[in-house]
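Chain nomenclature is as follows: A, B and C, assigned in order of appearance, with residue numbering initiated at 1 for each chain independently.
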Amino acid sequence: MENDNSLLAVNNLVKHFDISGGLLEQLRWKNGRIVRRKTTVKALNDISFSIMPREILGVVGESGCGKSTLARAVLGLYPPDSGEINYQSSRIDNLTPHQMLPFRKKMQMIFQDPYASLNPRMTVKRTLEEPFLFHNKSATPTEVKDKVEEVMQQVGVEPSWITRYPHEFSGGQRQRISIARALMVDPEFIVADEPVSALDVSIQAQILNLLMEAQEKRGLTYLFITHDLSVVEHFSTRVAVMYLGKICELAATSELFESPRHPYTQALLSAIPELGRQKPTHIKLKGEVPTPIELPAGCVFHGRCLYTDERCIREVPQLISLNSGVEVACHAVEENRI
Amino acid sequence: MSHLLEVKDLEVKFALRFGDLTAINGVSLTLDKGERLGIVGESGAGKSVTGFAIINLLSKPGYISAGRVLLEGQELNRLPEEDMRKIRGNRISMIFQDPMMTLNPVLTIKTQMIETILAHANVSKTEATDIALDKLKKVHIPSSEKRIHQYPHECSGGMRQRIVVAIALLTNPALIIADEPTTALDVTIQAEIMDLLQELCASEKMGLILITHDLGVVSQVTERIAVMYAGKIAEIGPTQVVIHDPQHPYTQGLIKALPGSLQPGSRLNQIPGMMPTLTDIPPGCAFHPRCTISDTICRMEVPALISRHDHDHMIACHVVK
Amino acid sequence: MKSWNRFKNSYLLYSFKRDPVAIISFCVLAVLGVISILAPVIAPYNTYDTATIDIMDAETPPTWMEDGDERFILGTDIQGRDLLSTMIFGLRVSLLIGVGAVLFQSFVGILVGIISGFFGGKLDSFLMRLADIQFSLPYLIVAIFTMAIFKVAFGIGRYEDLAEPLLIIIIGLSQWPHYARTVRASVLGEKNKEYVEAARVIGISRQLIMFRHILPNTMTPVLVISTIQVANAIMSEAALSFLGLGMPITRPSLGSLIRAGFEYIFSGSWWITFFPGVLLVILILVILLLGDWLRDVLNPKLYKG
């Protein structure tokens, strides 16, 4: 995975959350003895990928697959348990908040819920000024004012609404303000966590267009998290499919949508409701989705997979590169059983 | 008695502090036995309110101010609450987005199902259990004899929604209203639930009203689609016709705004502006400020929903001929 | 000007205008507030000035009764002070202690609550257990101990001067866990919201996030419990005074007035207890009614923020 040209490289990232609570809640009665047991959510298990400059890497997966955790881990909101995150070849996952500051200016985030991502007690003006002033302490009031106006115009929010509070705006406008806040520090890299899934179809198109425009004008790089496959197909250059905290397939968008390799990707793609086409059957997966608390041994997908054999139950498949540049973590693909 | 459900000029208002707000403004629909109708629209279009109005379950301050709702010829919105309760959950069942709205977290699935049956049918407990098990099998719940003794929290999201569908089926309803039944679920699970609903409508001869914002889902499951905008039906017709040959500019805009029909990476077609809030619905055609082909007449007169090319396909637009 | 306009169009003002109970309560409270602030100007006599008191006037009934004196509308107390003036000064003392105690307990409680909720972990457990311990100690016992020790240590003379701040601290200390718990609960709700994450992505320090982003968003419930806590504090003070642990009779609060008159109620001088009692009930009632209204209006479920 070492690639010196990459903007962001994530190597073997692991993040588990301890949700077992206090000591008393950890104690269990087992076989006549009291034992202490910890409950951990295994959100990210050995994730590796890299993003090239100006690339849009889409991350798709169903709820609970760890994609939002990945977004936050990349930005240092959750310190990883192990693994490395490198930004432009410098390691950033072990920095102090102060050492992290120069990177904070380069990496920004856009959130899913436009109703929760803006502080309800702060006017648009304060919301937008805060990041700029924080990173440009010597800025004059005119500079701040000009910058706010410029960015507001770019995201299509009327600059005269600057003294309003978030609750005076609709969901789409709030999402624009949220994007404006991220753009205030002129970042290079933006992590977008489901930026359109809370919005209506007609507004969704407006926001996606805005994100594409910003990317072209500013040469941005996106890590784009979503559960909506049609959005990913339209928007991203490469796609990573996640299942239970692992990447099961990583490929160029067109490659992935034309010929999905991993059985999970195949099932996922077949389940997308496509407009007007009454598909005869989608691939029916067996079983239930396991929880990330009790991960199955071997391949995490083996309980639902149609191609499971004895090796899948035993051994964890690693991401391997196929000749077409596709990376897949599947024994069956490796053994040419699919 | 030609139709299973007939909604005539339904009007729903909300009594608020600054006066009444019209949420639904003259909606008319019909649904035949075993037919599947989709109601699509963006948030605030009034699609959920329509669903609640049909079963007369509007929460305050909403009320039906005009129009009629007929189920098999019986007028529902004039029925006393006592009689309406017998119809609700019996002749008409409702499925909500959040399964936990239907399921009581402190009761086992068995208790909840048997209670529902006993409330509407005169059967013994053993018979009720058999009915419950039968319905659970119908929604393809594996090892249902074991499942039935569990509590809702022991089931996954998809399983819960399937149990909700089973509960909706208990009384062999003639009509199921499903309000965003799969929005909270993952695509693979969504596909299963949609398959299930479709299959049940066919085998049980049930009518289905599927309320959703997802055009893709609606286009796969339903036979007819009603597109709602600002409390009115903008376009209604057979699914394939509406999807492939939309006439109303709003429907066209909605379909074009979806990614997937376009070259990846290209700009999406966006509808400018946003849906008006109920407080300031523009005069004339509510869509005219966002419409690319609007005319002077659109600003003054409300367009009527009239049929175009064929009898079944109706749109409300002055300009499209 | 802009914020005035915002207030004029707000839901708060709208629902206030629609609620006669709230309007009446507010007016009564406002009148009582003004009276207590302007007590030295409004009261017919300055009852703190011993020169104006004549023991010969003691236990004069209200003017409309037989033996009434037109100088004393509501009669006099056992020391010959004009009852109306004494009540006005007493109201001032009661409100001062009530508001003071709430300011003190909210300061402590908010600080503990936000630290507890924001940092979590062991610090949270420690502070919350501390709050539990504080709650499990009846404030009366704390007050009896503190007062007794204070009186022994500084003497009765000093006590009369320091009774007010002492009562504020005692009542405030016994109630801070209310604030700490409320604030902690809303901090826990707020701190995982995306706007907090956004602030962290910008790189803003924890202290700034805590006070600039989270604190303002926890203030609604604080406002609601504050009204109820003011009423509680005034009642606590009255109860302490009634037990002889509160304000000395030379600087009486409503509570100590009631106590002073209580001993004479059977000898026929009912008014010394009755009028302060009525005033106390009215004061507590309007504060609680306003608090109820405020809670309904600011209910986060109804409040579109």
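Assume a contact is a pair of C-beta atoms (placed from the backbone, for glycine too) under 8 Å apart; a residue touches a chain by one contact, two chains touch by 3 or more.
Computed from a predicted structure; not experimentally measured.
Trainee: Hey, which chain ends up farthest from subunit A, C-alpha centres compared?
Mentor: Here the answer is chain C, farthest from subunit A.
Trainee: Among the chains in this structure, which pair is joined by the largest number of C-beta pairs in contact?
Mentor: Greatest number of C-beta pairs in contact occurs for A-B.
Trainee: Nearest whole angstrom, what separates the Cα centre of subunit A from the Cα centre of subunit C?
Mentor: Here the centre of subunit C sits 51 Å away from the centre of subunit A.
Trainee: Can you check how far apart subunit A and subunit B are, centre to centre, with Cα atoms defining each centre and the answer in Å?
Mentor: That pair's centroid distance is 32 Å.
Trainee: Would you mind listing the residues of subunit C that make contact with two or more other chains?
Mentor: Answer for subunit C, listing residues that touch two or more other chains: there are none.
Trainee: Using the touch rule from the top of the page, what residues of subunit A touch 2 or more other chains?
Mentor: Counting only residues that touch two or more other chains, subunit A contributes none.
Trainee: Could you list the positions in subunit B whose residues touch two or more of the other chains?
Mentor: Counting only residues that touch two or more other chains, subunit B contributes none.
Trainee: Name, in rising order, each residue of subunit C that touches subunit A in their complex.
Mentor: 2, 125, 193-195, 197-205, 213, 216-217, 304-305
Trainee: Enumerate the contact residues on subunit A facing subunit C in the complex.
Mentor: Residue positions touching the partner: 22, 72, 75, 77, 97, 100-101, 104-105, 107-109, 111-113, 116-122, 130-131, 134-135, 163, 167, 178, 181, 185.
Trainee: Report the residues of subunit B in contact with subunit A in the complex, numbered from low to high.
Mentor: 42-43, 156, 158-159, 186-188, 190-192, 194-195, 213-217, 219-220, 239-240, 243-244, 253-255, 257-262, 264-265, 267-271, 274-275
Trainee: What residues of subunit A sit close enough to touch subunit B in their complex?
Mentor: Touching subunit B from subunit A are residues 62-63, 170, 172, 200-206, 208-209, 212, 227, 229-231, 233-235, 253-254, 267-268, 270-279, 282, 284-285, 288-289.
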